[in-house]
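Look at the two complexes coming up: chain A is in both, with chain B in one and chain C in the other.
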Partner chain A sequence: MNKTINQKAWLFVLPVFLLVAFNAIIPLMTVVNYSVQETFGDNTFFWSGVLWFEEILTSERFHDSLGRQLMFTFSILAIEVPLGIAIALTMPRKGPFVPVCLVLMALPLLIPWNVVGAMWNIFALPDIGLLGYSLNALGFDYNFTRQPGDAWFTLILMDVWHWTSLVVLLSYAGLVSIPDAYYQAAKIDGAGSWSIFRHIQLPKMKRVLTIAVLLRFMDSFMIYTEASVLTGGGPGNSTTVLSIDLVKIALGQFDLGPAAAMSLIYFLIILALSWVFYTLMMRNEDS
Partner chain B sequence: MAKITLDGIRHSYMETPRDDADWALKQVDVTWDDGGAYALLGPSGCGKTTLLNIISGLLHPKQGRILFGDDDVTGLAPDQRHLAQVFQFPVVYDTMTVYDNLAFPLRNRGVDAATVDKRVREVADFIDMTERLNTRAKGLTADGKQKISLGRGLVREDVNVIMFDEPLTVIDPHLKWQLRSKLKELHQRVRRTMIYVTHDQTEALTFADKVVVMNLGEIVQIGTPVDLFERPQHTFVGHFIGSPGMNVLACAIDNGSAVFAGQKVDTANKADGRAGAIEIGVRPEFVRLAPQGLPATVVKVADAGRHRIVETRCGDQIVRLLVGEGEEIPSDSVHLDFDPASTRIYADGWLVEGGAGR
Partner chain C sequence: MRRRTWIVPTAYIVFLMLPIYWLVNMSFKTTNEILGGFSLYPKEFTLDNYITIFTDPTWYTGYLNSLAYVGINTALSVAVALPAAYAFSRYRFIGDKHLFFWLLTNRMAPPAVFALPFFQLYSAVGLFDTHIAVALSHTLFNIPLAVWILEGFMSGVPKELDETAYVDGHSFWGFFLKIFIPTIAAGIGVACFFCFMFSWVELLLAKTLTAVEAKPIAATMTRTASTSGYELGLLAAAGTLTIVPGAFVIYFVRNYIAKGFALGRV
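This part shows the complex of A and B:
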C-alpha cells in the first residue's frame, strides 16, 4: 500500500514552531551569539572565540559563586526532602483535616517570590523583626545583614519555609496512592513502622520523590528573587549565588560576553546535574 | 492451629447504627474446623470482606467475640493472631527479592537465619518458585506475585488460618484454573485451615469442602457443594448457586400443599401454616417436559452446549428447565413436571422445616 505523501502537513506545526522559536530558540541563540563576541558598545561586535568561556571557567569569582550555589542547593535538599517526607507521613490520610492540612501546606507556595523575600527580610531584622528581635532578646548575637553565618541561616530557613510544602504535597500524593492492602499485609507480616516505611512507603513514593528532588534541585539552583530581596548577595559576597552573580555581571557591569558565556555554562551545569540525579534515582527501576 | 469460632459477631461501619440496613454484618455465629477448606461465597457488598477482616483483626467488630481454640482473640492485633491473608491485588515488597519477600514475616519475628533459610526453601518448593528465589519480586507476573503472597503465609509454622480475599481477580483466565487446583493441592499437603472469599460460585465450589453462603450481612447456609445444590436452605442460595439458578415461584397454600398455576404441586416439605410470602423452589435440573402436568408455553430456548435452557411461561411466571441434547422441544404448548423430591416450599425466603429431604 502506498502512503500519500503530503508535505503540507508541516504547515500545521508552523504555529507552535514559531512560538518556540520566539520564546526559546531566538533568545538562546542571542545568548550564544553574545558569548563568542566582544562589544565596546555602539552595537559593534568582534569575534572572540572561546575567550569568555575560558575566562569564566578559570575565574575565582565564578568558582566561589558555584561553590556557594552548590552548598546552598545541597543544604536545602538535605533539609527539605527528609523534612517533607516526615511531614507527609504525619498528615492524616482521611477525614475532615485533610483539606485543612492541604491548604495550610499550599499557602507558602502561593506567595509571590519577591514577597517571600521581603517578608523574611522584615521578619529577620534584628531591631524590629519578630525573628531577629527575639533571637537577640534570647541572647544570640544575630544580625543577618552583617554576619555571613546568620545570612546563610536566614536564607536556608526562608527556603525551607517556602518550598518544603512542595515536597510534602508530592510525597503525600505518593502516600495516599498506596492501597490499604499493603498496610494490612505488612501488619499481618509483623512489620514494624520502620520496615513499613523502608519497604512499602519509600518504594511507592520513589517516582514522586524523584520529581520533587529534581524540581527542588533545579529551582534552588536558579534561586534569584528571594535571595536577592533578602540579602542581595551580602554581606559582602557571602551569599552571592550563581544567578545573583550573573545579574551583577550582566546588568551591573554590563559585560555581555562573559555574562552570556556564564549563562551557558550555568545552563549546562543544571542540565548535567539533573541528568545525574535522574539516572541515580531511576536506577534499578526497570530491571 | 485451632478451630475458629465467631460468636455473635455484629459489625457496622457507622457510629450509631439504627436499623437493620446499617449493619454490614447483622449476626454471624459460625465455627471453622481446624484444617478445613472453606469458601465464603456471596454477592458484592454482602459482608464477606468485612467478616474476613474481622477474623484477621484488621477490623474490630462492634459486638461479639472471636475465639481461636479456646482463646479469646477479639482484642488482639493482626500479627498476634498468627494468620495469613492473600489480598485481591497481589501485595509484594517491590524492593526485595523473592527470597527476602518469603523471609520477611519470619525475620520480623526474630527467627534465626538458619531456620529462615530452611523454611523459605521449603515454601519456595511448594509454590514452584525455587528457581526465582534471587530475582526481584517486582518483575513477576500477577500470578507469580499472588504465589508470593501465599508463600508469605505458608512460611510461618504457627499460622492458624490462611485467608484469601478474591485472590484470582487479577489473574488471567487460563491461569485461574491452574492456580485454583494448585491451591487445592496445597491444602491437602499442608492441612491448614483455609478460608477463601469469592463471589464466583465455580471458584467456591471447586476449592471448598464447605461453602458458607452470605447475603445482606448474614450467613444463609453452610454446607457442602452438594448440599447447596440439592437442598438450598434459602431461595437466595438456590438462585445464586447454579446456572441458571433455581426457579422461585410465588404460590398459594391449600391445606399444607403448594398450589401453583391452579394445580396442586407435590413438594418435599409441607407448609407449616406460617404467614409470609410463600414460594416454591425447584432447580431447572429437576423440571421436565411431560405429557401432562402444568400447562406452559415456550418463550425462549438457549443452547448451552450439552443441554439447552428452555424458558417457559407458566401462569404469569417464568419457569426455566434444562432439556438434553437429543430431546425434542415443542414450539408452543408444553406441560411441566416438577420432581417432588427436589421441590420445596419457602416462607419469606427460608426453607420451611419439617418436611422430607433433610
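This part shows the complex of A and C:
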C-alpha cells in the first residue's frame, strides 16, 4: 500500500510510545546503571567500568548456561517446526472437526506458565505421574528429578507439548489461504504430494513460518517459569538455562552488578538474532 | 494413504489432552489417595479441593486479582494500540520503521531482565502491589503485540474506504469510530484475545510486583506449594480452574486465532 507522508501521525503513536518508554527505558537505564557500578550493600556505589562485563563474558558459569540455552532452543525448534508443519498438513481443511481441532490445539497456549510446569511435574513424577509411572512400568529407569538426561527429556517434551500448536496454527493459516485452483492445476500436471508440498504449500507457508520461528526463538530463549517450576534448573545445574541463572544471581544472591551486566549481554544476544529473523521476514513481506 | 492422515492430528490431540487429564484427575482425589499410589481415575471422588478454593478468600481473591489486572491491561493496550496501528498502516512519518522495530524489541526483552528494575520503578512511583502496576508492566509486551496484530488487519483494509468516507463528509474521528473500527472488529477481537492470553499466562512480573492486595492466582499456587507442604489435590484443582477462562475465550475467536498468531499477516 502506498502511504501518505504525514508527520502528525506521531500524535497517534505518542500514547504507545510514552507507555512503552516508561516500561522499557527507565528499567533498562536502571540495569545499565547497575552494570557499571560496584556496591558493598550499603547503598554507596562506585564506578567499576566494564569489570562486570569482563567477569560475565569470561565466566564458565555463563558459558555453560548459554550453551544449555542454545541447546534447548535449537532442540525445540528442530522438533516443533517439522512436527507442526506435518500436523497442519494432515489436518482437515473443512468440516465440523476444524473448529474442534483448533480449540483443542490452542488450549495449552492459554494455560498460565507456572501451571504448565506444575502440571508436567505431576504428570512426570515416577511414582504417581502417568508419564513417569508408565515409563518405569515399561522398564525404563526414569526419574526426572535425579537424572539430568531425564530432566532434559521432560523439559523438551513439555515445551513441545506447550508450543507446537503455535507452529500448527500458523502453518494451517498459511495452508487454508491457498486457493483450490492451485491444487487442481497441480493435479492436471500430475504432481505428486511431495512436489505439491515443495512448490505450492511451502512457498505459501514461508511468511507465517518465519513468524513462527521468530516467536518460538524469542520465547524459548526467555523460558523461565515453566522450567523453573518443573526442574528448578536441576538436578544440579543441568537444566539451568539463561533466565533461571539470571534470577539466581539477581534475586537469589543479590549480585546486582554481575546480574545487570548479564542482563544486557543476554538482551543483546536475543536482539541480534531476532534482528536477523526480522530482516528476513520484512524482505518476504516486500517481495 | 490419504484416508489415514487423520491419525496424525488425532494422536497429537490425545498427547495434548493427557497431562490436562492427569491434572483434572488429581484435582478430584483426596491428598491421601494421591500420596497412596498410582491410579488412573479418582477412586474416592471428592469435590473438597474445589470447595476449599471457592470458600477460602486467599484462593478466590487470587482469581479476581488476576482477572482484574488482565482486564485493565487488555483494555489499555488495545485502546492505545488502535490509533498507533492506524498511523503505521496509513502514514509514513519520520522514524516510523525504527519505532516499529523498537516496539518489537520489547517483545524480546526477557522478563527476568526486568523483574528487579520493575520492582524498584513501581515501588518508587507508589504503585507496588496494585492491579494497575501489573497491568502497566504487562503493556511492555502487549502493546507491541497489539500494534502488530492491528496493523496487519488494518493493512488488509483498502485505503479507498478512508477516502470515500472523507468525500462523504465524515470527520476523521467520525470515520474512525463509526466506520473503521466496525470494519476491523475481528482484528480488535483477536488483539484483545492475545493481550488477554499473554497477560494471563505471565507470572514472573505479576509475582514480583505484588505482595498481598493484588496477588495473582498463579502466585498463590506457588506459595502454597512451598509453605504449607505439598497439597497436590488443591494445587491441581487451582490449576484446572486457571484453564477455564482460556478455554472460554478461545471459543469466541476460534475462526480468527490462526490469523492472529500470524499477526494478521496471512
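By our rule, the second predicted complex is superposed on the first by the 258 of 287 C-alpha atoms of A that agree within 3 Å, B and C clash if a C-alpha of one lies under 4 Å from a C-alpha of the other, contacts with A are read in each partner's own complex, and residues count from 1 in each chain.
Please note the rule applied: a contact is a pair of C-beta atoms (placed from the backbone, for glycine too) under 8 Å apart; a residue touches a chain by one contact, two chains touch by 3 or more.
Note that the structure is predicted; figures quoted are calculated from it, not measured.
Student: Given the alignment on chain A, is it a clash or a fit between chain B and chain C?
Tutor: Overlaying the two complexes on chain A (C-alpha atoms) leaves chain C and chain B fitting together cleanly.
Student: How many degrees apart are chain B and chain C as seen from chain A, counting from C-alpha centres and rounding to the nearest 10?
Tutor: Approximately 80 degrees at the chain A centre.
Student: According to the stated criteria, A:27 is in contact with first (chain B), second (chain C), both, or neither; which is it?
Tutor: So A:27 only meets chain C here.
Student: Given the touch rule stated above, what does A:185 touch, chain B (first), chain C (second), both, or neither?
Tutor: First partner only, chain B.
Student: Give one of first, second, both or neither to describe whether A:138 is in contact with chain B, with chain C, with both, or with none.
Tutor: neither
Student: Looking only at chain A, is it chain B or chain C that touches more of its residues?
Tutor: For chain A, the partner with the higher number of touched residues is C.
Student: After the superposition on A, what does A:199 contact: first (chain B), second (chain C), both or neither?
Tutor: A:199 contacts chain B only, not chain C.
Student: Closest pair of CA atoms, one in chain B and one in chain C, after superposing: how far apart in Å?
Tutor: 15
Student: For the complex, which residues does chain A have touching chain B?
Tutor: Those residues of chain A that touch chain B are 179, 181-182, 184-185, 187-192, 195, 199-200, 203-204, 287.
Student: If we count contacts the way the header does, which residues on chain B are in touch with chain A in the complex?
Tutor: 53, 56, 58, 77-79, 83-85, 87-89, 91, 93-96, 104-105, 108-109, 136, 139, 149, 152
Student: Would you mind writing out the residues of chain A in touch with chain C in their complex?
Tutor: Interface residues on chain A, with respect to chain C: 1, 3-10, 12-13, 15-17, 19-20, 22-24, 26-28, 30-31, 86-87, 89-92, 99, 101-115, 118-120, 122-123, 127-131, 133, 161, 164-166, 168-170, 172-174, 176-177, 207-208, 211-212, 215, 218, 221-222, 224-225, 229, 242-243, 246-247, 250-251, 256, 259, 263, 266-267, 270-271, 274-275, 278, 285.
Student: Applying the document's contact rule, which stretches of chain C touch chain A when the two form their complex?
Tutor: The touching residues are 5-9, 12-13, 15-23, 26, 34-35, 37-38, 40, 76, 80-81, 83-84, 86-94, 96, 99, 101, 103-118, 120-121, 136-137, 139-140, 143-144, 147, 155, 159, 197, 200-204, 217-218, 221-222, 225, 232, 235-236, 239, 242-243, 245-247, 249-251, 254-255, 257-259, 261-263, 265-266.
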